[in-house]
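Common to both upcoming complexes is subunit A, partnered first by subunit B, then by subunit C.
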Partner chain A sequence: MTNLTPLWEVFIRTRNGMAHRHVGSVHAADAALALQAARDVYTRRGEGLSIWVVPSNAITASDPAEKDEMFEPTASKVYRHPSFYDIPDDIENM
Partner chain B sequence: MTTLTLTAPSPHLAFLLRLADDNLILGHRLSEWTGHAPMLEEDIALANIALDHIGAARSLYDRAAELHGEGLTEDDYAYRRDARGYLNCLLVERPNGDFAHTIVRQLLYSAFALPYWAVLTASTDATIAAIAAKSEKEARYHVRHSGDWFLRLGDGTDESRTRTEAALAALWPYTGELFEVDATLEPLIAEGVAADPRSVHAVWQQTIDQALAATGLTVPEVPFMQTGGRTGYHTEHLGFILADLQFMQRAYPGATW
Partner chain C sequence: MYTQALNNLDLPQNDEGDPREARFMARIDAEERIEPNDFMPEGYRKTLVRQIAQHAHSEIIGMLPEGNWITRAPSLRRKAALLAKVQDEGGHGLYLYCAAETLGKSREEMMDELVDGRAKYSSIFNYPTLTWADIGMIGWLVDGAAIMNQIPLCRCSFGPYARAMIRICKEESFHQRQGYEQIMTLCAGTPEQKELAQDSLNRWWWPSIMMFGPSDGDSVHSAKSMAWKIKRFTNDELRQKFIDATVPQAHRIGLEIPDPDLKFNEETGHWEIGEIDWEEFKRVLAGGGPCNADRVAARKAAQENGAWVRDAALAYAQKRAARESETLAA
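Entry: the complex of A and B
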C-alpha cells in the first residue's frame, strides 16, 4: 500500500494573512489525490482557505541527535528577545 | 409508525422526492463504506460525499413537507415510505461492490448532477434554486474526486483496469433513466419548476467521454436501458437499504435521542 501511496505532508492556511501551518500527513498515489485527501481529512470543519501538500521525502529534517549543536547556543542569548522595551500604554496591539 | 403512502402526489411533490431520494439513497450507499474503505483518507472522503448528498436530501424533504402540509417532516419521507414509494433512479441503489463500482457509480451520477443542479439554480421554486446553488458546488467536487479516481483506476494496474471496466459494463444500463422525461416532469419543465434532464445529456456525455478517453476505456455495448425507479419500481436492493435505514424508526416509532 505505502509504495503505491507514499506519504505527503499537509500545510493549511486558515485565514488571509496567516502562514501555512503543518497539520499532519496523508497517504496518496500522487499530488492531485494528496490534495483531495488533505481537503477531505483536514478541512472538514471549515479550517482552510488554502492547502499545500509536499512529498514527505522531499523534506530535509534536522537530526534530533544534533540538537545540542543546533539549538543549545541560542538558549543563553536572551537579549535576542524583544522584551527589553517599555511599550507605551496607548499601544493596544503589539 | 404507519407506512406513509402517497397516492397520486402532485408533480411538484414527486419531483422533489425524486431528487431527494436520489440523494438520500446514494448518500446511504456511500455511508456504508464508513470504516471499510480501502484507506483512511478515502474513508473520510466517501463519508464527506455521503454527507453532502444526505444534506441535500434533507433540504429537499423539508421543502416537500412544506408543500405537502399535513404536518409531515423530512423524517416521515425517509423512514415511513416503503420501497414502492421511493422515486430514486436505480443507479444510486446499485450495491457498492468493489471500490471501482463505487467510483464509477459516483462519476456516472455526479457528472449528471453537476450540470442538472446548475440549470436548477434557475428554478421558479426559490427553495429548489437555493438548494441547487449549494449542491452545485458540492457536485463539482464529487465529479473531480470520482473522475480523478476513475482515471487512476482505469489507467492503473491490470487489476484496477479490469475492475473498472467491469463496473462500467454493470452500471451503464442504469444511466438512461437519468435523462427520462415523463408526464410528471413535462408540466414542471414547462412551468420552470424542474429542468429538462435531456438538456444536460450532452454535457454529461462529454464528461464521461473525456474520462473514458483518458483511460482508453470505451462505452460498453448494452442491449437496453433499465428503468422503473422514478415510478417506484426498484431492484431488489432497495428493500435491504430501507431495512437498514428504517429499522430503528419502524421498531421504535418516534424514538429520538
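Entry: the complex of A and C
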C-alpha cells in the first residue's frame, strides 16, 4: 500500500469570465495526467474552457462540525446588509 | 503562485507586429475575458497592475479617515455600521492585491511602493475627517462616486479584476445607504446638526467630483484603457453620471451644493457644474494635500509595527515544517 496514486481536486471554468468552480476529483500519478483525466471525466460535453487540478492534500479545509463557531458571528450582524438602513423610496440612484 | 509562474514568462518583448497581439485584440473585441496565463501585451499588463494596485491602496488608505471616528461614533448603531464598513474596505483591498498579484507583482513590492511614495492612491483620502458629519458624507459621496466607477469595472476585460469588482460592489451596497441615512438624520435634527451636514458637504463636494480624475482631454491613460476595455466610460462621463444622481439627493434633504454656477440644463437633462480647481487636484495627488504625510506615515507605522508578527508566524511555520520532515526521516 505504499504506492498510492494521488488524488487531485478538479476546478473548471465553464464560461468566459467566470471563476473556476470545484466539480470533483480524479486519481492520477502526476499533474499532467491529472489534467488529462479531468478533461476526460468532467468535460465530455464541452463543459469547460479551462481546468485547474490541485493535489487534494494541498487543501486545508475547515471542519463542518465546527461550523457554528466558524460562521455564527455573522448572523447577528444585520447592519452589514443594505436593507438595514432606512432610505425613503423617492430617493433615486441609491 | 501566479507571481512566481509569471515572473518567468515576463520576457522583454516588442508587441508591435507580434501576431499574438492581433489575436489578443480580437479576443478583447469579442468581449472575451483575459485570464492571468493568457498572452497579453506588456502595456496592458502594466496598465492593469498600476490601476489595480492604486485601487487596492485606496481601499487600505481609505480605512484611515473613517477609522478616526470609530471610538467616537454617537451611538452603537452608528458604531457597528462604521466598523462593518471599515472591515469591508480592508477586505476589498485584499481582493484587489490578489488580482494584481495574478499579473506577476508581489504583495510586498506593492506595499513598499505605497509607503515610499512611488504608488498613488485616490486623492480623496488626503482630506481630513474633522466632524462626525464627515463620516456620513464619505459614505454618501465618496462611496457613491466609487460605485459609479466600480460598476462598469465589473465588466473589465481582465477576469480576476472583474470578478473582484463583482464581489466588492455587492458588499458595498450598504456603504452609501448608511452614509446617506446619517446625513438625512442630521438634516432632520437641530439647526446646528443641519449646519454640520452642510459644512461637511461644502468641504467634500469638490474633492468627490475630482475623484473621477482628470478631464478626458487631459487623461493620459484613457484612450488605451477604453480600447482594451479596462475602462468602459471616460472620466467625464462617469463624473456627469455621479453629479446627475447626487444633486437631487442633496436637494431632497435641504442641502445646498457649494457651486454658484450649478444649473440644470433642460435640453440635455443634465446638471452642469462650475469650473473644477485642477490645481488643487494636482497638488493633492502630488503629495501636497492636508493629510498626505499622515496617511503614508500611518501606513508605514502599521507595516513596521506588524513586521515582527509576520516574521514570527513564518519562523513558526518553518520550524514546524522542519520538525515534520525530521519525524518523517527518522
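Just so we're on the same page, the second predicted complex is superposed on the first by the 76 of 94 C-alpha atoms of A that agree within 3 Å, B and C clash if a C-alpha of one lies under 4 Å from a C-alpha of the other, contacts with A are read in each partner's own complex, and residues count from 1 in each chain.
Please note the rule applied: contacts are C-beta pairs under 8 Å (C-beta built on N, C-alpha and C of every residue); 3 or more make two chains touch, one makes a residue touch a chain.
Since the structure is predicted, the reported quantities are computational estimates derived from the model, not experimental observations.
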item: Touched partner set for A:His81, first subunit B, second subunit C, both or neither; value: second
item: Touching partner for A:Gly17 - first (subunit B), second (subunit C), both, neither; value: second
item: Partner chain(s) touched by A:Ser50 [first = subunit B, second = subunit C, both, neither]; value: second
item: First, second, both or neither for A:Asn93, with subunit B first and subunit C second; value: second
item: Which of subunit B and subunit C A:Ala37 touches, first, second, both or neither; value: first
item: Superposed model, subunit A: greater residue contact from subunit B or subunit C; value: C
item: Complex contact set, residues of subunit A against subunit B; value: 1, 5, 26-30, 32-33, 36-37, 40-41, 44
item: Footprint of subunit A on subunit B - complex, ascending; value: 39-42, 44-45, 48, 144-145, 148-149, 152
item: Touching residues on subunit A, where the partner in the complex is subunit C; value: 13, 16-19, 50, 77, 79-82, 84-87, 90-94
item: Of subunit C, residues touching subunit A in the complex; value: 31-33, 35, 77, 80-81, 84, 88, 159, 162-163, 173-174, 176-178, 180-181, 184, 245-246, 248-249, 252
